[in-house]
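Shared between the two complexes below is subunit A, which pairs with subunit B and subunit C, respectively.
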Partner chain A sequence: MLIKPIGEDFRIIGYYLGRIFLVVAAASLLPMAWAVAGREWHPFASFVLMAGLFALLGVLGLRARPETDRLEWGHGMVVVALTWVIVPVIGAVPFALSGHWANPLDAVFDALSGLSTTGLALVQDLDHLAPSLNFWRHLLHFLGGQGIIVAALSLFARGGGITLYHGEARDDRILPSVTSTARFIWAVAAVHLIVGVAALGLVANLVLGFTPIRSLFHGLMIFFAGFDTGGFAPQSTSLGYYHSAIFEGATAVLMVAGAMSFGLHFALWRGPRRAIFANLETKTILGTFGFTMILTLVGLAVGGLYTSVVGLSRQGFFQVLSAHTGTGFATIPSAELAGWGGLAFGGMAIAMALGGMGSSTAGGVKALRVGITVKAITNQVKAVLLPEAAVVGTSYYQSGRRNLTTELAQSAMTVSLLYVALFFLGAGVGIAYGVPLQEALFESVSAGASVGLSVGVTDAAMPVLLKMTYMFQMWAGRLEFVAIFALLGFLYAWVRGK
Partner chain B sequence: MIGQGPKRHRGLADDARGGLITFLIEIAIVAALALVALLVSAVILLLV
Partner chain C sequence: MRFVLTALVFVALVVAVPGIATAQDDAVVPLDALLAQPETYSGRTITIEGELVGDYGFRSDGTMWTQLNDDSYARDALVDGGPRTGGNTGVGVRMPDALAEGLDGPGGYRLEGPLVRATGIWKYHDPDRGGESYLDISSLDVVEVGRQLEEGPDWIVLAAGIVVLAFSLGLWLAGRREV
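Coming up: the complex of A and B.
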């Protein structure tokens, strides 16, 4: 029998939502300050309105005053799922008031795309968008990639912190407490921010000839979108705007760093480093990256799209890396990417679907699940082929030897299947609206795996239902389903429970 | 216990060294993958 939620359940959820909204309200001060510095008074007013709304909701949430502040598992998941709905809606206010988005739905689409680190965009005339609004777009990547919840946890983490942490699709608990883990995640981000912005800014200034202020702006925007595997760019031509192999190289380093799990960051930072390449996750991602890159390069060469070694390797490598890390930067226009048919399309689509490492800012199925699924299938095949008396090994190495239990294999396969279903959902809706199969599948995988590469389907003129389907894919794909199911279960229990 | 002295506290220098090694490994990974892409491209274009 389903138990109907009571007032205390709503108070706990409201209280934690309130805390998180106050963190976002504080983050809203940054674009506000940027607008003041740039004397952009219209965006400034819209940021004040947005911050006020977050603060108001935050204060209302705190006033819920539950009897206990201990979060049950279900409460935590509902808090996470609702956070990722409400923050994009309120976060879209400055976009909706700017005149650069055709309607409020498009503004919410971009805010959700930013927060979920996807990078698909419906913004119009991006090249003339106010810098403070551009800053807010990219800051949404940073908030979503590092995790609003992680941000909140690093400030407060009394009862229930771990539930919120898992709800945001993170598994690694690197340090003994979830608070110290959250703080380590932010420390890694802070160091990468300083080094990344300095490197990109220097390249922009010394190689591309940008002014120091412009270099800093572009360095910061590309850092947010690269390290958080987001994919927004300050210019409509994405990374192609810079026409610079060095700039692409520096960005690629940030993309790789962003797609690495925080467990791996911790091992690189504090050791032991020797075991890193023995991990199933590392071996899997290196293997799948190599496979999809070769597939794409062969496809491009056979298609005759690139005839020089440097051209083929540069475009193929960057696009596949962008797809596999879930970033979504492109150095070629959408129309050119749409021409990547056959094997090149297959390589890119598989790379996007597989995604980066677990507990990273990347989306997709994730390397550890892929590795576990492949290993489980291999073990099954071995068990069939070998004599009945033979013992098939059921362990794998991931920061130590671990047992590959049936439950673990089932869990990895279930989530992988849910991703496949999510990709087919978006592709099906696209096809229903007359989008060609290949393009519908590419765009759907891009949305569901939080990538953001586009072959031109995502456009302000696309049907409302297709926009909403992609929004659902971005939301469900980023949270890896569990929090969504918990929210649906909570709502069902509220309506039908006793 | 014999041979087990007091644990040394991690200082700023340790963290700075760890951070530097992290960046060097990240750069090395990208450089290695780009080099592989270049070599594979050369081989593919020779064969196609």
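Coming up: the complex of A and C.
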């Protein structure tokens, strides 16, 4: 029997939502300060309104005052799912008021795309957008990639932190407590922020010849979008704007760092480093990256799109890396990417769908699930082929030897299948609107796996239902379904429960 | 006879003028057409027209890189009440430093960059630059100088924001007192 949620359930959910909104209200002071520094008074007004709305929701949430502040699993999941709906809606206010988005839906689309670190965009005339608004777009990547919840946890962490942490699609508890893990994640981000912005800024200034202030601006924006595998860029031509292999190389390092699990970051910091390459997840991602890279390069070579090996390798490598890490930066126009047919298209689509590592900022099925699924299938095949008396190993190495249980394999396969269903959903809606199969599939995988590469389907003029489908894909794909199901279950219990 | 001659001249003009106009139009390649079939123009000298936006990157090899946009915003900025017509349409351009001397600053927020007509070789998947595509400019004419645009604060939005912030603060303080 379904138990109908009572007032206390709503108070607990409201209270935790309130805390999170206050964190976001504090974060929105940053673009506000940016607007003041740049004397951008029109965006400034909209940031004041946005901060006010977040603060108001936060204070109202705190006034819910539940009897206990201990979150149960279901509460935590509902809090996470709602956070990822409400923050983009309020966060879209400055976009909607700027005149660069056709309507509020488009503004929410971009805010959700930013927060979910997808990178698909409906902004119009990006090249004349106010820098403070550009900063807010990229800061959304940072908040979403590092995790708003993680931010909230590192600031306050009484009761139920673990539930919120898992709700945001994170599995690794690197340190004994969730709070210390959350703080470690922010420490990793802070170190990368300093090193990344310095490196990109120096390249922009010394190699590309940009002015110091503009170098810093580009360094910061590309850091947010690269390290958080987001894919927004400050100029309309994405990474192609820079026309520099060195700049692409520096960005690629950040993209790889962003797609690495925080567990792996921890191992790199504290060691033992040798064990890293023994991990199933590391071996899987190296294997799938190599496979999709070869597929794409062979496809490009057969298609004769590039006349030089260097050109083919550089463009192919960057696009596949961008797809596999779920970043979504491109060095070629979307019209050109749409022309990558055959094997090149297959390589890119598979790379996007597989995604990065678990507990990272990347989206997609994730390497560990792919590894576990492959290992489980291999074990099944071995069990069939080998004599009955033979014993088939059922363990794998991932920061220590672990048992590959049936439940684990089922769980990995279920989530993988849900992703496939999500990809087909978006592709189906696209095809229904007359988008060719290949392009519909590419764009759908890009949205569902939080990548952001586009072959031109995502556009302000696309049908409303298609926009909403992609928004659902970005939301569900980023949260890896569990929190969404919990929210749906909660709503169902509210309506039908007793 | 005069009537016939006049009629012939008139007919000739009617036929020829669109032809002349077409020939002039053909000289400038719209970026939509260039990006739709970039390989068609590979290695050819073409002329494109549009606004210089983003940054002027002066590199150590004596070249300057920037982006040239050929979209409605190049002539009709959103801030000035221009229509929304979708995303930007732009390509990378490279020119010798000397050509960039005296140019107004590139387009950006509240800035309309110089509108230029640029002629050069369309380098598509240039093997010497790792497969990049860009226009290698050899001559540049400024069609329209850049200009500053205005965008003041939205007082209603600002007032609404301050009211909501103040109300939130009051609510929070009241809540603390109740506790």
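Just so we're on the same page, the second predicted complex is superposed on the first by the 498 of 498 C-alpha atoms of A that agree within 3 Å, B and C clash if a C-alpha of one lies under 4 Å from a C-alpha of the other, contacts with A are read in each partner's own complex, and residues count from 1 in each chain.
By our rule, a contact is a pair of C-beta atoms (placed from the backbone, for glycine too) under 8 Å apart; a residue touches a chain by one contact, two chains touch by 3 or more.
Note that this is a predicted model, so its numbers are computed, not measured.
> What is the contact status of A:305 with respect to subunit B (first) and subunit C (second): first, second, both, or neither?
After superposing on A, A:305 lies in contact with subunit C but is clear of subunit B.
> Return first, second, both or neither, reflecting whether A:41 touches subunit B, subunit C, both chains, or no partner chain.
second
> Looking only at subunit A, is it subunit B or subunit C that touches more of its residues?
C
> Between subunit B (first) and subunit C (second), which does A:58 come into contact with in this model arrangement: first, second, both, or neither?
second
> Considering only touches as defined above, state whether A:97 meets subunit B (first), subunit C (second), both or neither.
In the superposed model, A:97 contacts subunit C only, not subunit B.
> A:195 in the overlay: touching subunit B, subunit C, both, or neither? Say first, second, both or neither.
A:195 contacts subunit B only, not subunit C.
> Looking at the overlay, does A:257 come into contact with subunit B only (first), subunit C only (second), both, or neither?
The first partner, subunit B, only.
> Which holds for A:243: it touches subunit B only (first), subunit C only (second), both, or neither?
A:243 sits against subunit C, while subunit B stays out of touch.
> On the A-aligned overlay, A:269 touches which partner chain: subunit B = first, subunit C = second, or both, or neither?
first
> Which residues form the common part of the subunit A surface touched by subunit B and by subunit C?
On subunit A, the residues that contact subunit B in one structure and subunit C in the other are 307-308, 310, 312.
> Note which residues of subunit B are touching subunit A in the complex, please.
Against subunit A, subunit B makes touches at 10, 14-15, 18-19, 21-23, 25-27, 29-30, 33-34, 36-38, 40-42, 44-45, 48.
> In the complex, go through subunit A and note every residue touching subunit C.
Checking each residue of subunit A against subunit C gives 40-42, 44-53, 55-56, 58-60, 62-63, 97, 99-100, 102, 121, 123-131, 207-211, 214, 218, 235-237, 240-241, 243, 245, 305-308, 310-312, 314-315, 331-333, 335-336, 459-461.
> What part of subunit A is in contact with subunit B in the complex they form?
Subunit A reaches subunit B through residues 191, 195, 249, 252-253, 256-257, 260, 265, 268-271, 273, 289-290, 293-294, 297-298, 301-302, 307-310, 312-313, 316-317, 321.
> For the complex, which residues does subunit C have touching subunit A?
Result: residues 35-36, 38, 53-60, 64-65, 67, 69, 71, 73, 77-79, 84-88, 90-92, 94, 107-111, 125-127, 129-134, 151-155, 157-158, 160-165, 167-169, 171-172, 175 of subunit C touch subunit A.
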